[in-house]
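The chains carry the letters A, B, C, D and E, assigned in the order they are written, with residues numbered from 1 in each.
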Amino acid sequence: MHQVVARSTAAEPLLKVSNLSRHFPVGAHRVVKAVEQVSFEIAAGETLCIVGESGSGKSTLGRLVVGLDVPTGGAVTFAGHDCQPKRGRSGGRGPIQLIFQDPYASLNARHRVSDALAEVVRIHRPAIGEAAVSARVDELLVQVGLSPRDGMKYPHQFSGGQRQRICIARALAADPRFIVCDEPTSALDVSVQAQILNLIKLLQREQQLTYLFISHNLAVVYHIADAVGVMYLGRLVEMGRKHAVFGQPTHPYTRMLLNAVPKLERSPDAALAANGEIASAIAPPPGCAFHPRCPLADARCAREIPQMLAQPNGTFAACHAAEERRLPF
Amino acid sequence: AEFRWASSGDVQSLDPHFTIETFSTSMLANVYEPLVRRLPDMKLEPALATSWEQTNPLTWTFRLRQDVTFQDGTPFTAADVLFSFERASSPGSAIKGYFAAVDRIEATDPYTVVFKMKRVDPILPEEISAWLIMSKAWSEQHGAAKASGAATAAESFATLNAMGTGPFHVVTREPGVKTVFEANPKWWDKPQHNVTKATYLAIPNQATAVAALLAGSIDMIYDVPSDAVDNLSRSSGIKILTRPELRVIYVGFDVTREELLDSSVKGKNPFKDPRVRRAFAEAIDVQAIKRSVMRGLSQPTFMMVADGIKGYNKDLNIRPTYSPASAKKLLAEAGYPDGFTLGMDCPNDRYPKDEDTCQAIVGMLAKIGIKVNLLAQTKTRMFPKVFSPRFETSFFLLGWAPSSNDAHSAYERLLYSRGRSTEKGTYNITGFHNDQFDGLIDAAGVEIDPVKRQAMLDEAARIVQREMPTVPLHQPLLVWAARDGVTVEQYPDDFFPLRLVRVGKTGG
Amino acid sequence: MGSEPLLSIRHLEIQLAAARGEKVAVDGVSLDVAAGEVLGLVGESGAGKSLIGSAICGIMRHPARIGGGSIHLEGLRIDNLPEKRMRALRGRRIGTIFQDPLTSLNPLLTVGQQLEETIRSHVPVTRREARERALSLLDEVGIPRPRERIDQYPHQFSGGMRQRVVIALALCADPALIIADEPTTALDVSLQAQIILLLRRLVRERGMSMIIITHDIGVVAELADRVAVLYAGRLAEVGAVTDVLSRASHPYTRGLLRCVPMIGVDVEALEQIPGAMPSPGATPAGCAFHPRCLRRSAQCDAEPPPMRHLSGFEVACWDPHLEPAPAEVGA
Amino acid sequence: MVGYVARRLAQSIIVAVAVAFIAFAVTDHVGDPLANLVAQDASQQERDQVAAMLGLDAPFPLRFAHYLEQIATGNFGLSYRTREPVLKMIVDRLPASIELSVCAILLALVIGVPMGVYCGLFPKAWLSQVFLGIAMMGISLPTFLIGIFLILIFSVWLGWLPAFGRGDVVAIGWWTTGLVTAGGLKALVLPTVTLGLFLITLVIRLIRGEMLEVMREEYIRFARARGIPSLSIYFRHALKNSIVPVVTVLGLQFGSVLVFAMITETVFSWPGIGSLMIQSVTTADIPVMTTYLVMTGVLFTLINLAVDLLYLAIDPRVRLAGA
Amino acid sequence: MSLTAPSRSSVALPVPLARLAAVVADLAGAATRAPLVALCGLVVGLAVVCALLAPWISPHNPYDLVSVELSNAFLPPAWIEGGSSDFLLGTDNQGRDLLSLIIYGLRSSLGIALLATATALLVGVTVGLVSGYVGGFLDSVLMRVVDIQVAFPAILLALLIDGVALSLLGSQRHQSAAVVVLVLSIGLSHWVQFARAIRGSTLVERQKDYVSAAEVLGVGRVRILVRHILPNVAGPIVVMGTLNAALAIISEATLSFLGVGLPPTEPSLGTLVRIGNNFLFSGEWWIAVFPALVLAVLIIAVNCLGDWLRDLTNPKLA
């Protein structure tokens, strides 16, 4: 609550997330804190990327933002309105849409593409006639680089990349202003990934879309982001403008991630030597969750949870070592 | 020698006063004995009573056999008879009907009992030939002094245990599975049997029982499915015993309701018209039923009592000729030229081929334009429906065998007007009502002169045949099958006493 | 190339039985792996990489089958060996690592049971010895406190640890060649780095050869000595990693390298190869890549290009002006 | 663990009460108990008297409460038909049913498992087709007909085996067994085969299906790639993994075993609780029916528990929540 | 109205048909590659045709009691001495033509099996879908219901339903309602397996992204359930339904054996077998054997088709 809200920008935010938490009960007594006290803001027309290892809570955060899941605590404010979905009701906040990682699982195999799109168009533009609906469907298909004729086909008749285009078209059919992209390219080949990333960027420019882009591929993040948030075990540990985070990462975790990225030449063994694995979310380490893997950890790290603080390089980071100026620069 | 026999049911209880069912009584009569028992020709012979006489119109005196001991060694005396009377006429008993005419019973000495009657009853010994005597001491000692009728809340010792004076005693009893008997060496009578151990097996599936007989694992089947008869008689080593049962299978009409229950005729009851009843009678081809349904194992009849029952008169046994054409005409005359629809109730597990018989009748009636919706169901479902107090039927098939082997009781129960007396007309499902008939029955009930009595019964039979509230069909044949070498006596009332069984060399 | 290669694949063809006839999934692939060498096999999904891998270990199964060509291991032809002899080779001479550590381990057997069973299938040792070996293997692949963990079940291990167990299983009988089919794809960057490091160390310490199958050029760059680029079941380019990455000559390889975003490289839009790779049976005539190729000529759709030996690498492309061009990536 | 079992047992009591309720409510309509209790010609007054004695005139909830109270003290009442204590009737007949079912299940496992494994491993082999053909037999004819055909062939024509009953049984305490006498064993053969045939079918099909799927699992491929011998792959790896779902399904199939046992028992006059139940249904013997249903309800939940515990023993992945 | 709309719908309409045709063609193609399966298909097809056309193809009408002659009872098949060419497979105990009875019996058996399966499907699929999708308390309650239902074995349940129907409807009504009672009894004792299976796959499907996508896109819950999830879990239903239909035919026969089947005046295959059963030991074997044979062949064929379909549609076994 007294936490500093990590602002990615000075502009008026379109989406504001404050102290968002989501705990899943496991068994009778324990909980997984999949998302814990996460706060950030995104300005209209920008892209905020969330990175982190598997299990760090990225997807959960994304689902909370679109309203597929109900937070345990905190709030999501969109365009100034608190948009709390009711528990047990179908999710869905028209202007906020979601694109999934797996283009194979996210399309209903039994529905023709045009039907899938038309269904959404009808929901979000209820007043328009059938002719207008089908015109709109064609328009959407063209927009994502498919032809109107493709609407007659079933998803299985498309390649992964084309399916992802259909997913994007379907999201666009809801006339969104904000799209959460949950690893939209990680199931795709690099050549197709490039096509999709270009499409996403193009749409942003054309339609002033705002993205929350989730990925664990740092290179993709670097390409697409305006601002970057790094998550570890449900918490944001570092956040800032792209160049600051990639250029002069503050948090040791960010640094570790960056080091582990394979380069196009052979890295020395030492550079690759990432430590350990992400801890169990059911029993996270006390204090700074990262401390067992952190080369800079000391007694305080094992005791106290660090706060998000502004750093000299312009990012916000939650690290005692940074606060104590113990970072080896 | 050992003897094993089977049928599809089992005695429900070993308590001799629990049920009136022939089968149970017959089985228990091997352990318990009556005062008078029957010979294979249905004549009475002394059992626990050595002699009896109607000392005056309202008194019957029985002299008891001396030197009879129960299987536990205690002597048999008049006290046991008195006790058995109390027990059998108590509310829990199923056989209290035997004593409908008895007022009270007294012992004048340890071996003489006197029945004081409410009314003249010329056939008391006939009526009590299935009344089995229990030991007073044994029953009281085991808390079985009360008949364990259905309504008693606690279980009774006598349900699973039996101890009488009879030729056999029960060794083991597994209800619904088997009951093992052993010969009673101290039996008062000279054994005519040579059975040392007898095992009764309940085999619900008749086909299985037939297979078991063919395979030699049992010696006799007590109720052979008629379809298996041909095959069994062809198999070597097996003989078939048949004899007309003292039961008459008949169909009856509801002649009292204003409108039939399940019929296309609304607002009136076609069976009130005697022409309709006659049309039905003429449309039923009993010979065809005998040939194709009963496979020859029936004896067609037009009397409501069987040949062999006291009061039967073969001169009266003349059936209207089978004639669908005449039947159709009668229907047309009655105002049903196109026939009508009605429901028929039929048991499917009570009499031999009961359901098939009904089905055949349905087919025959179809030919005169009567469409019958046949409802064949188990007796546990059908009987409550058609008997008192519901009488919920318009047209039905039933069988009847008077337990006293006397026509009078059959007429009195089945056709006497309902509601005139608590004891008469209780089974009058048809609702038949004829004052002349009722008068004849009342008179015959107290008539001691056999000739006059027979004349009254004949007149009653004529009324029934004329009015036709019921149409008798046939007496089914009792069919037993035994392995060669086994000698059994087949009683017409379906009794099967082990005391007359002999197992020859071939019988294992 | 003077000495006899450890593994030699010649004109390998793999067919897939389909509803109507057969589809060619791998078409005339020839590859050599020298002793101690790490060969990277890259290509997009469906290019046929895994099929080649399973052809080498002889665990191909319906509908796939080897339709032609030959595979020699240490001079022995193995593509047509009877199952019995092949089984002796599997694990003993050829080790395998599959992509998904979660599904590669039998959930009902402890890690120790699986290791011991594998060791005893190949080496005549007692139960105790097998257990000792298993323990030292676990230690070698970097599992801390192996004595505690050997009797645990796979589900009690984390993803990275499980992949280490899979690697240990592949090493049980000390094979000469390891086929690692996407060993890091299911893992995070940090775990991927750890596994790369482990494999690198094992190859170095044990002097094994390895074929690493991946679609991540970065992994190849980190691990492999040579790289073979596969497109639609055919080899597009084979050469030393440094050469291929720095001056790829096949238009497909170049496209592949350029379409990957790089940290530190700011571009508004990525270069992209239009279209998608054809699936088996739908391969166009001529060069399989030609519909997507910006430099195609008339010849390209007529006949598939032969492998051409250029300085340092082999390329299958008709482009007459083909010459090694410096890659503009990785600046 | 103990807590888990206790909780499951508590659940089984709830299920039993629910089953009792339904059984009580339903059997209440199966027939008029009075019809079988009082003489056909009984007067209305007599009927009312009996009804009052049995408590049949009380409102339904009261009767149910009374019934629960009774069964809680182990008093299941008397059979309407025979006036015997229901519990005794059932306990007397339990050994016969248990011996038959267990033998049939064993037969099914001994024959069905190897056949199923073979069919799963070599789905295209001709022998697999033969096995599947045999399996098909078990479900292509109604059990009663199979039983009768078997009797016709083996008892009537060949005269090898008895057609009905348990043969000679020996009592060991309250338990009666036919397993120790030649006659008892002979009598067991046909019913066991009749009941087992359906189970064999079930087992073959289940094992085959599971084996087919398990054999496609990645860990089987990986085991092959490590050069593990085929036999070890088939039995140590594949079969073990196939068994788990098979156990579950078999547990769920317990109900059908009961039903088929019911018919088998009827056909062979096997003195078990199944034939008792059928008799009770046809005679509207409500106390017996209700007790049977309650007992099978409890038995079913217990079997489910046993299956879960077995699951636990076989599959280390299953961790009991909160255990 | 723009021009695109009609053109779209005109294209749209044939597509499902075309798909169906393609599926049928595929199945037929696959079946011809397995001659046994083709044979089974033929058998089932023949049975269905017989059932549908019973009044036209059967030589006699066994329901028309006027034409049935009791004197024709127990005639053996035509090729046996004493047989009549009028009655190809002989006659039953009432003199009805066995062949006609079998054809009409097929009609009842198949009808009851289909209706019962449809009932089971309707209940099972609804419960399964709702339970799986809504989850939570409702799910627990429904699954307990399933548990309890399983404790009432199928045939037992049927006996009970029969009894209840009898006392509720009154026996006269009951007779005419025999088919309804049978359908309900069999259907209601078979729905559990559908509910379990559907719930299982609904739980899986519910987690899939396309469902989340539909939720995010604002599609209503009922629509999601019916239009999105149902088609995706429906695949196994067809196979299970096929196998269940075979089971239902058997159940009907067994119920008949236990005395709660159709009345003998309107026989099904099961009733015929039950009736014939009585004559097995009397030498009139044909009354039992022919219906039993037809029953067995039909069930084997249906099962065979079901198994084959299952293996065909199981992606894991592809």
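Just so it is clear, a contact is a pair of C-beta atoms (placed from the backbone, for glycine too) under 8 Å apart; a residue touches a chain by one contact, two chains touch by 3 or more.
Everything quoted here is computed from the prediction, not taken from an experiment.
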Number of steps on the shortest touching-chain route linking subunit B and subunit C: 2
Greatest separation from subunit A - chain, by CA centre: B
Of all other chains, the one whose Cα centre sits farthest from subunit C: B
Geometric centre distance via CA averages, subunit B-subunit A, whole Å: 88
Intercentroid distance (Cα basis), subunit E paired with subunit C, Å: 51
For subunit E, residues that touch 2 or more chains besides their own: 166, 259, 277, 280-281
List of subunit D residues in touch with subunit E within their complex: 15, 18-19, 22, 26-27, 29-32, 132, 136, 139-145, 148, 152, 156, 205, 212-213, 216, 252, 255-256, 258-259, 262-263, 266, 277-278, 281-282, 284, 293, 296-297, 300-301, 304
Contact set on subunit A toward subunit C in their complex: 53-54, 159-162, 189-195, 197-198, 201-202, 216-220, 222-224, 246, 256-267, 269, 272-275, 277-278
Parts of subunit D lying in touch with subunit B, wherever the complex brings them together: 31-32, 34-44, 46, 49-50, 53-54, 78, 80-85, 89, 92-93, 148, 151-152, 155-156, 159, 162-165, 266-269, 271, 275-276, 278-279, 282-284
Residues on subunit E engaged by subunit D in the complex (per definition of touch): 144, 147-148, 150-156, 159-160, 163-164, 166-168, 246-247, 250, 253-254, 257-259, 270, 273, 277, 280-281, 288, 292, 295-297, 299-300, 303-304, 307, 311, 314, 316-317
Touching residues (chain side subunit B, partner subunit E) in the complex: 206-207, 210-211, 214, 225, 227-232, 261-262, 285, 288-289, 291-293, 343, 345, 348-349, 355-356, 359-360, 362-364, 366-367, 373-378, 381, 385
